[in-house]
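Two complexes, one shared chain (subunit A), two partners (subunit B, subunit C).
Let's turn to the complex of A and B:
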């Protein structure tokens, strides 16, 4: 039997008349990286706020590690780590002081220097955070979220706007954390990142879950696999051809193409999560 | 919330407060300047007095008696000139000594003497002059007529009655300085809270086992201690705790409670540091109004009594400068407690709504 770290049932939240999250239900397994994908304003952050005890659901319930987030908020919060999208660190304190403060609040003894080394900040551990770059702050946010060795880690757009090196460092850290048994709830509108990291993804659009599955199965179910072929005509001009790989006569079509035309290049192409999101919801993920 | 979490929050607030250069400087410099100012201000009062007198003929016995009591006589040309001089506060008092008065004294008749007192003359000067004048006329009566004095003073206060207390300026200013130190905390604590909301660190705290009530308790204790310790240090260093120290410290603690409540309200009404500054300045000005009544007696009207700072100031002033007892200022303490609890409750409720 699969153990679920997070179970959301019929979760609903409204800001006045605006329903931000509309009766959503899902489960996240223990040790799973769960990508929660949707455009800005889709309801991602509101869902995370409910799951982390920042706001109370108007309807429905959520249990984390078997505990009700509304009734046992503080108990649950002792086992979770949250890295927010916007850096909310104490700028006038150093990285060490920031991490030590949170370790004290959780009542844990954390090796803050080891944590800082993990995120590549050990060299500037005693500098005030206000002097850090955006990437450094983001890495420190992730380190702070890990200070209590959480069983569930919530990450909100962890690589948004980061340079490739910082982004890769955070992705590596996420994988390493999962390898240690931590469940990761990854909120993002970056479909490439979600595809690279997530075991399963959920598409949220206008407060509702539009689809939920592994990236592979979603691509299988909704995406088209294509063979993109570049051919040269008699006059030396290049032309593009597309062959659907999943059709019943794909083999025959490919054979005919090679017999009749001068093939220059051949590439296979899979649908991206963004293609699938657009197909399902009619909206783009970014923006 | 346990002591560990509370300790961590207090330590964090203390670090943040003193790493903000503005608040670090203003706290330390303020304390040093107030103590230095108190030390530099004169600790004594000029006791020499000048008495305005309108008398066509001034008896020698009267002059010599007053001179022997360090009172200088300033002769005036007319009754009107004397009244004007007293009204202008050139003299604390003036006496009209006409020929009729002298004759009456010489005959041993019941005689009325007109004495003018300046409305802003401190009470002890009025009392001292009254006594000296009675003695001087007594002396005059024996010298001129050999009879016991049958004299009546007809006293007139010129100008609005602002009778105050004879205190050195620095003692008069000391309660004002203490209140200033206390109310400045509205800005310090208000900024600390507003900054946590603005930068989102409050959100980060609230996804840990720290609860909203726990968080506010930490802030309130920090603000309370910060304001209380500063004001207590100031009074301790200036001798303000020499009389009834427990009473003064309790007054400061209750005053700090009022100030912390105000800081919560300011933080909840503000967006960012500028908002806190704007609201704080307004609150500080309002809270300082009753202080003017102590420095310049009679300036602050009765309406100032609706401000809680009136009761902070009045209590400190009465206890530190006049040695008032628990009974004398008990009412003030009750009002301060009620105001503190009410402001604190309102501040927390409004702030909680903002945070959630």
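Let's turn to the complex of A and C:
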């Protein structure tokens, strides 16, 4: 039997007349990396705020580790870690002081130096955080989210705007954290990142979940596999041809192409999550 | 509520918040004003009561009073000179001893003494001089002595000394400045830097954050008031009662500060609001500056009156709990209303910062 870390049932939230999250339901299994994908304003952050006890759902309920987030907010918060998209660290304090403060607020003992080493900040552990770059702050926020050894980790756009090295360091840390049994709820509009990291993804659009499954099955169900072929005409000019791989006459079509034209290059191409999101919702993710 | 979490955040605020210029300003400003007033009115560095004596019979009492180090005692050859000194404020209280004073004392007969008081002298200085005279008489006779002291006011009897008029302002500044500004600024900064949302996703609730900020403001308020009263020698006969009033005033000021900080969006707006409400906060002090032209009952319309008036009553006039009970009750009601407001503000702010 699958144990669920997060169960959302009919979760709804509205800012005045504007319904940000509209009766959504889903479950996240223990130790799963769950990608929660959608464009800006789709309702991702509002969902996270409800799940982390920052705001109360107007309707529906959510349980984390079997505890109701509204009735047992403090208890739930002891078991979760949250890394926000925007830096919200104490700037006049050092990284060590920031992590120590939060460990004390949770009432846990944490090896803050080991955590800082994991995110590559051990060399600048005693510097004031206000002097850190965006990437360093982001890494420190992930470290802070881990300070209480959370059973569920919420990450909001954890690699947004980071250089490739910092982004990779954070991805490695997410995988390592999951390997330790922690459930990861990853909110992002970066489809490539979600595809690389997530066991399952949910597409959220206009406050509703449009699709939910593993990236692989979503691609199978909605994506088109293509063969992209570059051919040369008699005048030395290059032209592109596309052949659908899943059609009944694909073999015949490929054979004919090779017989009739001068093929220069051949690449197979799989649909991306972005393509599938557009196909399902009619919207792009970025922006 | 978790005392541990509140303690952790309080320790952080104490360590890092005290480096904030607002914190320094809230401590230093009332001190500066107090020192300035002390220098202007000569009460900081020469706060001993000044006693003038005309002694027609070389009384032992004069020698005993001259030996006291907490009084500045000056002798005059005749009552006319003593009156001149009293009218000019050269001495604050005067005593005229008849030629047969010591003999009357020893006989045990009831002795009449006239105690001249300069109209603008501080009440506490009058009390100190009066008590010193009575104590020395008891020392000289070795028993309770039937001496009747009749005070006679000399000089501008209706005038209230400027130091006494300005004291409410200094007391209010010390209690309100730190009590309001420090928690309000801290709240605004935590909102602006979004650290409030980080803290409240741990098991720490917004109400615990409010309590922490309020505690900091209230303690600063009491500390500041303590320093000002100590500098001005204003503890009076009921220091514990005075401490209680400072504590209640500090809680009221800090509650208002947290409430203000929870509503205001940035530090500039906070200062603008603080300036505009300053007239209401300091109104009782300004009204006290002009006792002859502004009816003093108007001060009762302002909430801060119920902080400053009990402080002055206890400190300057030796009032007891019974004398200030009504004012303290009003202060308690005002504070309870502010705390109720804070409870609603905590829920609203939780949604705002999320």
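Definition applied: the second predicted complex is superposed on the first by the 287 of 287 C-alpha atoms of A that agree within 3 Å, B and C clash if a C-alpha of one lies under 4 Å from a C-alpha of the other, contacts with A are read in each partner's own complex, and residues count from 1 in each chain.
We take it that a contact is a pair of C-beta atoms (placed from the backbone, for glycine too) under 8 Å apart; a residue touches a chain by one contact, two chains touch by 3 or more.
Only a predicted model underlies this, so the values are computations on that prediction, with no experimental measurement involved.
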Superposed partners subunit B and subunit C on subunit A - clash or fit: clash
Contacts of A:253 with subunit B and subunit C, given as first, second, both or neither: neither
Touched partner set for A:9, first subunit B, second subunit C, both or neither: neither
Which superposed partner A:91 touches (first subunit B, second subunit C, both, neither): both
Stretch of subunit C, among 62-70, 98-106, 116-124 or 134-142, that runs into subunit B once the two complexes are superposed: 116-124
Doubly contacted residues of subunit A, that is, touched by subunit B and again by subunit C: 52-55, 74, 77-78, 80, 82, 84, 86, 88-93, 101-102, 104-107, 144, 148
Subunit A residues touching subunit C - in the complex, by the definition given at the top: 49, 52-55, 73-75, 77-78, 80, 82, 84, 86-93, 101-102, 104-107, 144, 148
Parts of subunit A lying in touch with subunit B, wherever the complex brings them together: 52-55, 74, 77-78, 80, 82, 84, 86, 88-93, 97, 101-102, 104-107, 144, 148
Subunit A partner contacts - residues on subunit C that touch it in the complex: 4-5, 8-9, 12, 16, 19, 193-195, 197-205, 350-351, 353-354
Interface residues, subunit B side, partner subunit A - complex: 4-5, 7-9, 11-12, 15-16, 19-20, 199-201, 203-211, 356
